[in-house]
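What follows is a set of structures to go through.
Look at the two complexes coming up: subunit A is in both, with subunit B in one and subunit C in the other.
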Partner chain A sequence: MAQIFHRSTNTVAKVTLFGAVFFVAVAGWVAATLDRSAYSTRQGVVREQPVPFSHDHHVVALGIDCRYCHTAVETEAFAGIPPTTTCINCHKLIWNESDMLAPVRASLAEDTPIRWTRVHDLPDFVYFDHSIHVAKGVGCATCHGRVDQMPLVYQAASLQMEWCLECHRHPERYVGPREQVFNMAWKAPDQATLGPALVAEYHVDPRTDCSTCHR
Partner chain B sequence: MRTSAPLVAAALALLVFAGCRQGMYDQARYEPYEDSDFFADGRASRLLVEGTVPRGWLRADPVLYTGIGADGGFAAELPVALTRELVERGRQRFEIFCSPCHGRTGDGLGMIVQRGFKQPASFHEARLRAMPYGYFFDVVTNGFGQMSSYASMVPVADRWAIAAYVRVLQTSRYIAVDELPAEDRRRLEAAR
Partner chain C sequence: MAELTPDARMGKPPVVAPGYTPGSVTDKISAIVLTRTPRWWWVAFGLSFLLMQALLVGVAYLFFEGVGIWGVNNPVGWGFAIINFVWWIGIGHAGTLISAILLLLRQEWRTSINRFAEAMTLFAVACAGVFPLVHLGRPWLAYWLLPYPNTMGLWPNFRSPLIWDVFAVSTYATVSALFWYVGLIPDMATLRDRSRRRWKKIVYGFAAMGWRGHAAHWHNYEVAYLLLAGLATPLVVSVHTVVSFDFAVGQIPGWHATIFPPYFVAGAVFAGFAMVLTLAVPLRQAFALQDFITMRHIQNMAKVMLTTGLIVAYGYLIEIFMAFYSGNQYEEFMLLNRIQGPYKLHWWALLLCNVLAPQAIWLRKVRSSPWLVFLVAMFVNVGMWLERFVIVVTSLSREFLPSSWGTYSGTRWDWAIFVGTIGLFLSLLFLFVRFLPMISIFEMRTILPEAKSVHQRPEEADA
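Moving on, here comes the complex of A and B:
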């Protein structure tokens, strides 16, 4: 009597058994890696803007404070994108014929907003408020990286939930003095002692319940 | 080809995982300043209807909100209490909003001026030393010469704080000896 199963079935069976564990594990690893990659998070990816605005030039070279443009960051959830008139405060007299700034002048003349491309875009199911983070001593650079040194803005952090939770679980590793929040270059001389002291002083108590952010 | 079954399953799983995010990520509601195809001007954040007074924005006290006194001239006195806290706040706001042009000392040689903006008058000249608090409030509110209005960027309370700090800057460079506190006066005489 001929064999019911072909000889190769042995191999197939072994591969299938192995595959159940190995291939599923690989698929999981690939999915997790893709999800954390810049392809998914857009971390470190420069977004094209209608005007190539340089934070590096305006902050480092000219010394303009973050809050000159992002006026709502201390009081509101949204830090605020400056209206065209803020650009015009200076650019009415400086670089006022530059081609690069033509969209800014057009925006003013036609009273239409400049369509900036949003760089830090949290999912709509996340509640986030800038003002409380600023009030508790989380520096701009802690989340946004050295924006002051970026000729074109990109997202410095992944903005994934595991990244949020790292600080919500261990605020003492990141919290700094309130008066240094807007100092992009500030580094704690000794975060290990300063961090816990500030967490106690500022009553930093970041919740990690689901409903803290997903409300 | 039975061997490909796990691969196909894995590929399908990837597709499923990849496909399940956008709907909840971008929900059918607007974020601040998002564009909208519903309104003719494309703005989701609507401008206030002219004449609207939001809660807490009733300008019932003309001196506080315009810097103009009952006699029609600039208010000579601050309508808020002059405290160290007010002056510290004024310094912080001055350095954010004013120092790019006026310089941190108020001499009018800020970085933007060094890059070609029209140089503003120094706060230390006699004409501006003689100006009352209300004048500085008015300039921040309505602008002056090439300076734009800062009313949308600096709230009313901060404008008074800045006015108070401008006076501090002026005093730092020009004060009569007999107006100095006794301690400072002693130090000055000792240094002679």
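Moving on, here comes the complex of A and C:
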């Protein structure tokens, strides 16, 4: 009786069996990597804006405080996007004929807000409140990165749930003094001793119940 | 007298009718697969396949519209999905019991029924698996049930019996599939060698994984099969124990009972043997396999069904006893509500099907008639479904607070999906009996009297 399969089938079978294990492992790795990549999270991707507003220039060169524009950050859930009039406070006098600022003047003239592109956009099923984080000593730079060094803003963190939970589970690794919250450059000399002390002092008790964020 | 088996000496009928040789056994079983498809098969498969479309349509509409098309609502949040899941999972247990436990106990009579009982297990688990998946609000996220390093930084809730279910059922499905497939390999080789057409040789040859009947192959096979039997044995007990925890861990009266694990396991084997009988009686008739699936098999299975049925009846009795003995007013009410509440018809029908009907097996006349045994098995199939209905619905519809009482009934979509899984089950079964040997050919050869006499020493054979 003639052989049904060629001799090489033995090798093919073995390669297939071990290859399957390898294939599944690689597929899992690719999926996990893609899920955490900038492609999926848009971490580190600079977003186009209607006006190329530079935080770098306004914060470092001009020394404007975060709260000059993001006025509600200490009291509200939403930190606030400044109205056009906030821009015009200065730009009625300086660079008031610049082409780059034409959309800002148009916005004022037509009384329609500028449509900024939102960079830090949490899913709608997540409840997030800036005021409590600021009150418990979480610095702006902890989540938003060095915005003061960003000519155009990008998302510094992944904003994935594991990233939120990292701090909610270990707040002592991230909490700083309240008076340094708006100091973008502040670095703890010794977080290992300062962190736990501040957690105790500020009564930092971040919940990790589902309903803390998914209300 | 050389060919007397130990069974024959004890006066038991043989497990295979006399007059067969290894060759004729192989001829008979492989012919079912290798000859032309009988016309009735097309009719039976066609009807099953048609029935399966109910599942397809039901699930399609479910995914389109959401679980609102089902009858579940407050307070009865668990309905047909879990009833059907538990029913199917329970049915699967007979296959594992027959293949693993009866193998380890060296029960020869398992040989002609283990293959299709195992297949039945796989198909029942497949049907059961449909329900936990489709009952999720967002079934495309079903993989969230598995523990894997995810971007949410979360593990599933390991304290929940529902997650234990995921492990129990997936382990069960995997081990059952492996066990079934490993047992099939030597028969695949037989079919490969007996097929005439080249494509059949290739397909069966592929499945036979290069089996040549070498002594080393047989050695590996025996070791693997025994190991798998050892692995599968605890599953007979563990799977339905975990399923019972879905209820027993909750605090609802009628669920929160320590008797649940053993009572569920007995119920599972009970339901499983009923389903094996439901399939075996028509199949042996259709394929003229009365010589292999003998009356001894039917009777043995009927006796297992009766025994486990008595354990289940004992479970019911203890539930009644505990309701009063506990002195707990909610437990007491739960029982009275079963007996005379809105679902009393279900409860009394359940007693008729699961407790009263199997008692007919005590009669030799019933035991010796395959179709009467089949009838009893049909009662049990219905009864075990009713049992899960009574457990799930009566308890949820009458909880602690009368202000939150309600009623439940399945909608037409509930029924469509349930009936559809029966179609899926039967379709898979008919495909199986057509394309694979439904009785293990090589194991049947080993239980022939001829095979035994070879192993006897000359002086013993002469005696």
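Quick note on the criterion: the second predicted complex is superposed on the first by the 214 of 215 C-alpha atoms of A that agree within 3 Å, B and C clash if a C-alpha of one lies under 4 Å from a C-alpha of the other, contacts with A are read in each partner's own complex, and residues count from 1 in each chain.
Definition applied: contacts are C-beta pairs under 8 Å (C-beta built on N, C-alpha and C of every residue); 3 or more make two chains touch, one makes a residue touch a chain.
Here the structure is a predicted model, which means the values were calculated and not measured.
Colleague: Quick check on the superposition: with subunit A as the shared anchor, is it clash or fit for subunit B versus subunit C?
Modeller: Here subunit B and subunit C can both sit on subunit A without a clash.
Colleague: Looking at A:16 after the superposition, I want to know if it touches subunit B, subunit C, both of them or none. Which is it: first, second, both, neither?
Modeller: first
Colleague: Does the superposition put A:123 against subunit B (first), subunit C (second), both, or neither?
Modeller: first
Colleague: On subunit A, which partner's contacts cover more residues, subunit B's or subunit C's?
Modeller: After superposition, B is the partner touching more of subunit A.
Colleague: Please work out whether A:166 is in contact with subunit B alone, subunit C alone, both, or neither, and reply first, second, both or neither.
Modeller: second
Colleague: When the two structures are overlaid on chain A, which partner does A:154 contact: first (subunit B), second (subunit C), both, or neither?
Modeller: neither
Colleague: Look at the superposition and give the distance in whole angstrom between the closest pair of CA atoms, one from subunit B and one from subunit C.
Modeller: Distance of closest C-alpha approach: 7 Å.
Colleague: So which positions on subunit A get touched by both subunit B and subunit C?
Modeller: Residues 35 of subunit A touch both subunit B and subunit C.
Colleague: With touch defined as at the start, can you tell me which subunit C residues reach subunit A in the complex?
Modeller: My answer: residues 148-154, 192, 198, 201-202, 205, 209-210.
Colleague: Going by the contact rule set out above, which residues of subunit A touch subunit B in the complex?
Modeller: Touch list, subunit A to subunit B: 12, 15-16, 19-20, 23-24, 26-27, 30-31, 34-35, 62-65, 67-68, 71, 78, 81, 83, 85-86, 88-90, 92-94, 112-113, 115, 118, 123-125.
Colleague: Can you list the subunit B residues touching subunit A in their complex?
Modeller: 2-3, 5-7, 9-10, 13-14, 17-18, 21, 24-27, 29, 31-33, 35, 41-43, 95-97, 100, 111-112, 115-118, 146-148, 152-153
Colleague: With touch defined as at the start, can you tell me which subunit A residues reach subunit C in the complex?
Modeller: Counting only subunit A, the residues touching subunit C are 4-5, 9-10, 13, 28, 32, 35-36, 158, 160-166.
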